[in-house]
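Chain nomenclature is as follows: A, B and C, assigned in order of appearance, with residue numbering initiated at 1 for each chain independently.
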Amino acid sequence: MLRYIAYRSLVALFLVWLVVSLVFLLLHLIPGDPAELLLSQGSLAADPAAVAALRERMGLNDPLWRQYLDHLGGVLTGDLGTSFRDGAPVAEQIALRLPRTLEVIGAATLLAALLGVPLGTYAAVRAGGKADGLLSLLSSIALSTPVFVVGSVAILIFAQKLQWLPAGGFVSFSEDPVQHLKLLILPASAVAISLWAVITRMTRATVIEVLERDYVRTARAKGLSRAPILRRHVVRNAMIPVLTITGLEMGTLIGGTVLVEFVFNWPGLSGYLVSAVDARDYPEVVGIVIVISMLFVFLNLAVDVVNALLDPRISLVKS
Amino acid sequence: MLDMPSTDTPLVQARGLGRNFPQRQGLLGRARDVWAVRDVSLSIARGETVGVVGESGCGKSTLGRMMLGLDTPTRGQMLFEGRDLASLAGAEKRRLSRRMQMVFQDPFGSLDPRRTIGAQIGDGLRIHQIVPRHDIRAEVARLLDQVGLPSAAAERRPHEFSGGQRQRIAVARALSTRPDYIVADEPVSALDVSIQAQVVNLLMDLRRDLDLAMLFISHDLHVVRHLCTRIVVMYLGRIVEEGPADKVFGAPAHPYTRALLSATPSLHPRDKDSLHGVLPGELPSPANPPSGCPFRTRCPVAEPQCAAAVPDFRTLAPGWKAACIKAGA
Amino acid sequence: MTRTTRKLLLPGTLIGLILAVIVLAPVLPLHDVRAMDVPNRFAGPSAAHWLGQDEFGRDVLARLIWGGRASLFIAVGSALSAAVLGTLLGLLGGYFRGVVEALTVRASEVILCLPPLLLALLVVTILGAGTGPLMVALTLLYTPNYARVVYAATLQVRALDFVTAQMAMGAHPLAILWRTILPNVMPPLLVQMSLVVASAMMIESGLSFLGLGVVPPTPSWGLMIRAARGAMEVSPLLLLWPSLALAGTILIFNLLCDRLQAVLDPRNVTAGGALWLRKGPRRAALPAVPAATDGPLLAITDMAISVNTSERSLELVRRADVSVHSGETVALVGESGSGKTLTSLALMGLLPDQLGISRGQALFRGRDGRVTDLAQLDEDGFRRFRGAEISMVFQDAAAALNPVHRIGDQLAEALRDTGDAQEISRRVVDLLRHVGIPDPERRQRAYPHELSGGQRQRAMIALAVANAPRLLIADEPTTALDPTIQAQILHLFQKLKSDTPDMGLIFVTHDLAVVAEIADRVVVMYAGEVVESGPVAQVFARPRHPYTAALIASVPEGAADRLVAIPGTVPPPNAMPPGCRFAPRCAHALPACSAAPPGAERPDPARITRCIRWKEVT
């Protein structure tokens, strides 16, 4: 088991290194001068003096291997450089905003899982019935509606028409816990909707599959009653793929809350990224991308480890 | 036909074949040797059917794949008409494959569900240009007739046939290139007994009519005994006994052959207590085989010296040998 | 109309309509998408502007259609280019493995280390906003998805024998890829394609919404929603139209994906939930069955098992007559499709949901001497018997044991009237030792996959005999095992029988030789009917039904040079011949055989045969 975790961790570290290098390469191996590319606006040529200054600042005049080592060294020591826009250290900004993004994702996942697993199980047991049809329709719609549409419509209904909740913004928890939570509800729900759909559908599909398995028949043959069969032999086994997919979805959310943060004016990491992209602030973009990718990779690692804990077959297969 | 004169070089000859599937332990762990087949030498002449028997994990399927050139041996040589298959280049090997064909176990996996029977049987005819293009239909019809199916079957797809019929189609496909040598890997194991008899009879007819060399792999001793002229018994990747069918089954020399025979249920049980002589234990892991004789851990007559070295083959009669220090004693 | 067309008709038509509208956009009588009409900004729907006018007074309908054109062009275009690229990588990687796999599939998977939207943003940062960069980003994004799907499918197809047969045939690898593998990986590829179009639209609209995608003044749904947000209070309809269009289109593509999956993987169709999990209405109290003082443990008379479809009911098993006395071993023997497994499942109430006992009786004498008709029991009624009085050993122990629970726990779960934890643990260890599992104290902590095939079957048997049942049903318990292990398990059954002399055993098998080794009496089934029964020695020595006789003669044992093969195949349940079901394949058949089903004949008080010519059978 420990061996398996160690193995997966090594793979994860390797992937992080790969991403860090990839980001570096992306900017240096594409044709053209990165500095010029960053400064030019559409067809407008950049000012040569500004380009030269930027080249100096980015260390573009050093040999490539030197730049790569600097880049790698920076990442290792947690130094992600300073912003072009205001000269503030990028790492500090990320440390400030990351928890806010994670908070939205965490709340959304909790909400989605608490609703999705029981509903998905119910739909599976009643597959083909009316409730199943309704849930299937609802989850299809939820899955097909982009989060910024959900968010915009939610603001229109709950903030502007009904005026139950604030339309957006952020207040830190220590400042005003109630307002903080009120502000959290809409963004978290908007994110939760599509995640709920994924979890419900996945739960339904795997529970149906597990119900057909021989070991469920064995459990019936033992004379067990419905509740323990459902709990110990059906849901327990069906949760393994559901957890995997939830973990993977959370991973995509780490970079995908951009839209929600934009819609609800939530000052998280992803919104920071958009403004950085908009301003073509290279150090900021690189820093954020690296941090998010690391989170993504380590989340996948966590999913693997949890899976191995739930499914005793895994560690044997891999080692 | 059993007394057919043997030619100088056998058609198919395996020399000291070995196949290793190294398994890596973790990322940094050392690769561990797992020999599926070890040091197997075997030759098959025209008109001869050699049966390979053994339980799952004994390496018989791996041996079959190597003896058809589908898998490359880690050690040893696989010769067809004296030519080493490993030394042949891609195109030359593909040309030679016309003369060597295979019939598989699973009647549902061995045919492409998306193409008609005629197209699949015709593949070999086209690839090796067995007959002119405009004669392909007629040739497919002839092949189907040979395995006892109507020529209308050519237009249909595999799902319209039963397991036994699919297996005949697979045989027709193997015959399409007019091979000299066929490897049949458990071709009747997935079939019901009444259907199994149909296919076994078909294979017997073909051997007689076409003078084929055949390697017949099976775990069913009764079928092997019925169909084969020579028997090879395998255990944990090695041949433990080889000889004429009546000798090996009539007076088995190796204790494993004896155990296998007495473990095989019979319509006419020798006596109700025959099951009391069952072999204890299970097949050791090929990753960690016992020292010396591979069978000694389960052998009822094992002695300390069995652990010392892999026993040499003892010749009991011409063409009959067993790898046991007690054989023939 | 086939099921496939019926399923795909709705999403297909809708997608066709959408595509027609956006392709025809240049020739449709639409307003100019850029023509402003500031005085009429935010005007509601009118005859000239069906969906109203936006914040610059531009026509919303025209912008919606042209916006859809942009969105779908990007989504479908990148889905296609990614499909081509990914399929190529996946096919090559999956077929050649090794270095090629590392260079294709594994290399493309590096992209999956980045969250999708993030990657798109990164590309846009470098290349700038616009349609071109968007397509590059999306293609890059989805190529690994396709590569993975195709790779997995290729691996699966490649391992199938028909591909190996092509290799053995000497076909060129590229020919195999093109002719054999590609068509077989098409289904998952199509599903993936519809999924990617939906997902690409999601990302494209999101980026446009952020102002990083399609560049104004080109209309796009994402941009329209972005603009409408500012005027949400004035004109909520402006937000509604593009939102509906976007969500609706994505919904249709998702629907297509679902339907494709349902069509290509028909397993999903039969799933109708689990009826046994629902509490049904309580059945009326069972009619009291007169209990004779001594009678068989189990007496099945004229039992039929039918499929309950809405159209008609189809009898899969009929005229099943089986009786088992306590201490007796009865073998139920037959080929696939004979109904032997269904008959045994019916005794446990474990028939698949669509099947049920439609006729006859199955009288079981319980431990307390009372007789119950198993054919009348519902799920709750059966539960009292399962495990405690009747229990079952299943064929495939690897599938019949839950992979995520320890052997000991699964065994403990089966125990009735349990004591404290220590008592349970002691009983579990005793049971495992009883069935011959070495080192049971340690082995009870093992998971099923850590045991060998033979040991798993032993654990399965331990489960079944945990509560010393009166009747044990073993469904092909040795079929998947090797001869030496099969002998061990048969030996174990004999030991169990001698340890518990009162237990009745029904041994279901297709192997006549196993019957000869283990059973006292044999019941031969063919095409859902019992054709012959009697003491094993007598039946095998002198069969009284042509099917039994042919079956025995087809076993390759003995001196006969040619085996007796029964011509033809077992008829499918929906096309059973009238009269004797074996008549079409029978060498002794007469016209009378096909006239009416033969009745039960008794050549001997202990034997039954259903053949009108039983006297002539040799």
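We adopt the following convention: contacts are C-beta pairs under 8 Å (C-beta built on N, C-alpha and C of every residue); 3 or more make two chains touch, one makes a residue touch a chain.
Bear in mind that the values here come from a model prediction, so they are computed numbers and not experimental data.
Undergrad: Please indicate which chain is farthest from chain B, where distance is taken between mean Cα coordinates of the chains.
TA: A
Undergrad: Measuring from CA centroids, which chain ends up nearest the centre of the complete protein set?
TA: Smallest centre-to-centre distance to the global C-alpha mean: chain C.
Undergrad: Between chain B and chain C, what is the gap in Å from one C-alpha centre to the other?
TA: 32
Undergrad: Roughly how far is chain A from chain B, going centre to centre by Cα mean, in whole Å?
TA: So the centroids are 53 Å from each other.
Undergrad: Mind pulling the residue numbers of chain C that touch at least two other chains?
TA: Expected reply: no residues.
Undergrad: Among the residues of chain B, pick out those that touch two or more other chains and give their numbers.
TA: Touching at least two other chains: none.
Undergrad: Could you list the positions in chain A whose residues touch two or more of the other chains?
TA: Answer for chain A, listing residues that touch two or more other chains: there are none.
Undergrad: Show me the residue ranges of chain B that touch chain C in the complex, using the header's touch definition.
TA: 55-56, 68, 70, 93-98, 100-102, 104-106, 109-114, 120, 123-124, 127-128, 162, 164-165, 170, 173-174, 177, 192-198, 200-201, 204, 219-223, 225-227, 259-260, 262-269, 274-276, 278-280, 282-283
Undergrad: Touching residues of chain C toward chain A in the complex: what are they?
TA: Touching chain A: residues 110, 113-118, 121-122, 124-126, 128, 198, 202, 205-206, 209-212, 222, 225, 228-229, 232-233, 236, 239, 243, 246-248, 250-251, 254-255, 258, 268, 271-274, 276-279, 348, 350, 383-388, 391-392, 394, 396, 399-405, 413-414, 416, 447, 449-450, 460, 463-464 of chain C.
Undergrad: Give every residue of chain A touching chain C within the complex, in rising order.
TA: 15, 18-19, 22-23, 26-27, 30, 37, 42, 124-129, 132, 140-141, 143-149, 152-153, 155-156, 160, 208, 211-215, 217-226, 228-230, 232-233, 236-237, 240, 251-256, 258-259, 262-263, 273-274, 277-278, 280, 285, 289, 292-293, 296-297, 310-313, 316
Undergrad: Given the complex with chain B, which residues does chain C contribute to the contact?
TA: Where chain C meets chain B, its residues are 160-162, 164-172, 180, 183-184, 335-336, 452, 454-455, 482-488, 490-491, 494, 510-514, 516-517, 540, 550-552, 554-557, 562-567, 569-570.
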